[in-house]
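Chain naming follows the written order as A, B, C and D, and within any one chain the residues start at number 1.
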Amino acid sequence: MTIDPNALADVAAVPGVAKPDPIVTIDGLERSFGGVHAVNVDHLEIQRGTITSLIGPNGAGKTTLFNLISGFDEPDNGEWDLDGGGLVGISAYQVARRGMVRTFQLTKSLARLTVMENMHVADQTNPGETLRGALFGGWRKAEDEATEKATALLERFGLTHMADEFAGSLSGGQRKLLEVARALMVDPDVIMLDEPMAGVNPALTQSLLHHITGLREDGMTVIFIEHDMDVVQEISDWVVVLAEGSVIAEGPPASIGSNEIVIDAYLGRTHREEEE
Amino acid sequence: MALALLAVPAMALADGEAIGGTLIATTDDERVPVEGVLISVEQDGTLVGDSTSDAEGKWLVPVPGAGTYTVRLDVSTLPDGVGLTNADSDVLEDIVVQEGRQRTVLFPLGEGSTTSPPPYQRFGSLLFAGLKLGAVIALSAVGLSLIYAVTGLVNFAHGEMVTLGAVLTYFFSTSVAGPGWSLFIAGAAAVALGAGFGWVQDRGLWRPLRKRRMGLVAMMVVSIGLSFALRYLILVMFGGTRKLYDEFTGQTPIDFFGIPVVPKNLITIVVGVVVLALVGLFLQRTRIGTALRAVSDNPDLSESSGIDVDKVVTLTWVMAGGLAALGGLFFGLTEAVQWDMGFRLLLLIFAAVVLGGLGTAYGAMLGAFVVGIAVEMSTLIFPSELKSAVGLIVLIIMLLVRPQGLLGTRERIG
Amino acid sequence: MDFIAVIRDGFLAMIGPVTAAYAVSAVSLNLQFGYTGLLNFGQVAFMMVGAYGTAITVEAGGSLWLGIPVGILTAVLLGLLLGLPTLRLRADYLAITTIALAEALRLIVRSSWAEPLTNGVFGIQGFADAFFDLNPFPGGAVYGVGTWTVTGRSLWMMIVSWTVVLLVVLLIRRLIKSPWGRVMRAIREDEDAARSLGKNVFGYKLQSLMIGGAIGAVSGILLAIEQQNVTPDAYLPRLTFILYVIVILGGAGTILGPVIGALVFQFVFFGFDSLMASAQANIDWVGDILSPAEAGQVKLILVGVGLMLLMIFRPQGMMGDLNESLIDDH
Amino acid sequence: MTTLLNATGIRAGYLPGVDILRGVDLHVDEGELVGIIGPNGAGKSTLIKALFGLVAIREGSVTLREDDITNKAAHDLVKAGVGYVPQRANVFPSLTVEENLEMGLFTDPHRWDERVPAVHELFPLLANRADQKAGSLSGGERQMVAMGRALMTAPSLILLDEPSAGLSPANQELVFDTVRKIADSGVSILMVEQNARRCLEIADRGYVLDQGSNAYTDTGDALLHDENVIGLYLGTLGRE
């Protein structure tokens, strides 16, 4: 499948707009906590092979939206699908197996597994993960292949020297890198990154950015939550702005900054707007 | 089992410890064997065996070993016109069987109209027994639930805090080594010491562990260790036999709307309900009680409001210790005092708090009465030795149907 | 004071078949607690079900060799039934539920209601003759040096049960060192992370409970055969707690920890018996304050205190590495 | 005007080795309403928590009047006259509104009769809903309860963590009006806000926080019209 980098050039920058080749489609997704609408998305499409940033002020419902579509939370209403396959009622692990993998804002490294073991856990093809495989063997070959793949990924993310250390001994930034590398072991079509830059020192940010653009080059679709606007501007093909659970704007990065609604969402509305 | 040769020849079929007897009804000058009467033998509330009297009126129940048993005659199986000469002597408690011996017990029978009690009476008695058990469980369970609410700890040693209340009451009131106080003073002292033990536990053990930021699972395992140590410490100090307080033992039942009721059981229910109401008032109407609820809602916000969370937690332990001791006192009064009574009750306490919703005081009370009544009422359908099992099965069904409990919120699902 | 005798008594208990059976059960508990993070407080139920499954099969006319797999399968089934409703619950609820279910099951087994099947409180005896018929050593003969001896019957039992320990350890080692075991440890570390990587957490936990249950049943069967006796009151919650002490003592989440734990525990437990007996015989004041029965109870107090101290000061156990210690706060 | 709160060179963070705050200086004068704005992730909430002793300060110092209060426990700060309203979980949901206020005055219960009318005057809602469980209130009403609770001790300074977060526009208005009213009654306020414009409109003075240190400080009005503020929020996006 060829990905056209300019596929979104002609798409209008209006909330809920249709994309030429959507991989994720969300319809009427609602989730409220105690009467407050945390997520209320009418319609949203994510274009295949792009980097889509999900931005919005604190409490806009970005992480809740992630939780819902990755199967970690259940919506009150709504449908969403991945590449045409409905995901309603599909549990989190199956969503991952279908090719949509997410990371977490607070990294979830498996602390008392080594970095290499962390990578292996994400492999989906190892027959040794079934009880029968574990008992009767025959998984060495798959294991070796996975090791090879993991080694390449660790190399790519600069974690090779840590491969045999416990993940718990990594620094905060290294854990973020490991989490992304680990997600890639799943061979996902869509990778969802929840604030991958948070708590990462500036030097690492640059390399992490580089990795994320690399994912697009590998044909993956990236959805990520970020609040550093310079980062968003630099790498996204498309920006979706959430506020109070709803999509208030979407479009190419250039169109977002000048959008009054977005500025209002971020800076808040003034009291005497009409007088300004 | 080599001591079988000591057995009475008439009971030749047994080769070990047993309880038996002969049922003879004495009417005027006549002595008639009574056939077909069901006699059951229990130990610690669980059935050991039963036997039906034969044509000669003989019955025999083998028992698993030396010990103390309760023998019960099922009055509903007595033939018409035959009754117990003493109406409430259908249950003989504390029958001691010695190693290798067979113990003979007597049920004096005579002319009587005692047939099976009418259904409403049986139902009423069981409901009453359920309320009594519910009161005992509730008194004990509230503390466990409050501790969980303010600290998140499931304290396995809570059962021993219950036992302590009964054992201390026994020591102060009845034990020859003790001061021989009246039951009221002895009970008050036991509750005070129970509360003191709560304080010691929190200050000496749990607070330091909280300061070390020990995980809750690890703390739960520590509480299992504590439970073990305390239980066997009590066994060493108190001995393994069942004991009764010297007051309020053989009470004659009074008539309560047609249901025979033993006064001490009535007192248990009344005191239980009053104390639980006071706990409720304390939680609802006092500043400290409100602070306790505040801490269980949100410890961080409590701290930010100027509440000294550590003090509130210690107070909760003191209350839990006192209430558990009070529960134990009544458990000892209505059943008997024994070293592992609290641990046996703990499982029903767990059932009650999970049923009501772990961490909610009112849920624990409600759950306790539901469990108490379910346990006693179950004997309408199931054999009485399955009583406790019924309580535990109620718990499991509850977890299947409504895992958050009757009054709990949804967060318990992992 | 005869310290040689104390060490001898402790040693003979340590190498005995009961220790082996405890080791097997501890290994299975370690799979659940140490490697999967499940707080199964109903371990004793699996042992009971295994033992009863075997004994009842023999009573019903089956052979012992049919009874053993029946016992194991019953335990696997119990794991399934126990797991379906409880594995979605939080850790403390799982603990409460499993202990409740185990105790309820014991009460049912000992009730007159189940008597036709289980023989109630009296239990079932003498079902393992087929096993002792295979004993190549004369049952009455004595093997060993001086007073350090065991009977032929014990020797046969020891050989078989320690072989079972070896097999079970090898099995667990194979499982844990496999990708399957890696997923288990991942679940122990963070369920959500495992889920996000496509692992069916519930399914794995259920497998852990069922395999652990099967191994627990093997342990129960070994104990039952050794004693030629199953009675419900041998399966009190106390036994589960002792197994936890063994696992934590040896080091939860280590392959050999549970076996080392069982050896050390039994050595100390029975050595202490012998020590107390010796002290009572030789030191007046000890005999004055403690009867022999009480001395046995003091030992259990020490078990409780020991568990507390272990958890507080050395949660990683004897074999564990502090960095890998299971019980910490993240 | 005398300085009430003074913080210098604050460094703090959650993970070892990762500072979220990298040297923040600020001060609040008596009776002043100071707003702190900044983009997501700038460390606004961390700053307020650090000032209130909920996040350990690794470097720097905080003084209240003349007293050093660096890393003092929260409940001691309450006694010293500092109130705090967290962003989330800011009420006791299973307690009634009145009980929530009661908990605000836990350290000083005998002042109940004196304080309740004052707080009820600011928040009439709290009198009308006294017996309702706080958990059943809307987000805006909860914010009122939370602020009322913090005001029960008659603090000289209150710290507000994004009081308008997650509220509807109408409720946000209510919150901002109330905050101004509290300040006018003589209580010093330090608030962090996401609604930068509204915050700066009511504030006497503002700080702009960026990546863990202060970028600017000026009067609220001046910051409100500062072009760079938009740039800070929307980065290069905003400079089209």
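Rule of thumb we're sticking to: a contact is a pair of C-beta atoms (placed from the backbone, for glycine too) under 8 Å apart; a residue touches a chain by one contact, two chains touch by 3 or more.
Since the model is a prediction, treat every value here as computed from it, not as a measurement.
The fewest steps needed to get from subunit C to subunit D, moving only between touching chains, is 2. When the partners of subunit B are compared with those of subunit D, no chain appears in both lists. By C-beta pair count, the most extensively touching chains are B-C.
Centroids built from CA atoms put subunit B at 56 Å from subunit A.
With centres set at the average Cα position, the gap from subunit B to subunit C is 29 Å.
Chain geometry summary: the mean Cα position of subunit A and that of subunit C are 46 Å apart.
Averaged C-alpha coordinates put the centre of subunit A at 33 Å from the centre of subunit D.
Chain contacts here close into one cycle, and each chain has exactly two touching partners. By the definition of touch given earlier, these chain pairs are in contact: A-C, A-D, B-C, B-D.
Considering their complex, residues 39, 85-86, 88-97, 99-101, 103-105, 107-108, 110-113, 120-122, 191, 231, 233, 237-238, 241, 244-245, 248, 290, 294, 297-298, 300-312, 315, 327-329 of subunit C touch subunit B.
Those residues of subunit A that touch subunit D in the complex are listed here as 34-36, 57-59, 171-172, 195, 198-199, 201, 227-234, 244, 253-254, 256-258, 262-263, 266-271.
Taken in their complex, subunit B has these residues touching subunit D: 287, 290-291, 293-294, 296-298, 300-308. If you check the complex, the residues on subunit C that touch subunit A are 171, 174-175, 178-183, 185-186, 188-190, 192-201, 207, 211, 323-324, 326, 330. Those residues of subunit A that touch subunit C in the shared complex are 70-72, 91-94, 96-97, 101-104, 108-113, 117-118, 120-124, 126, 128-131, 133-135, 139, 143, 166, 168, 182-183, 185-186.
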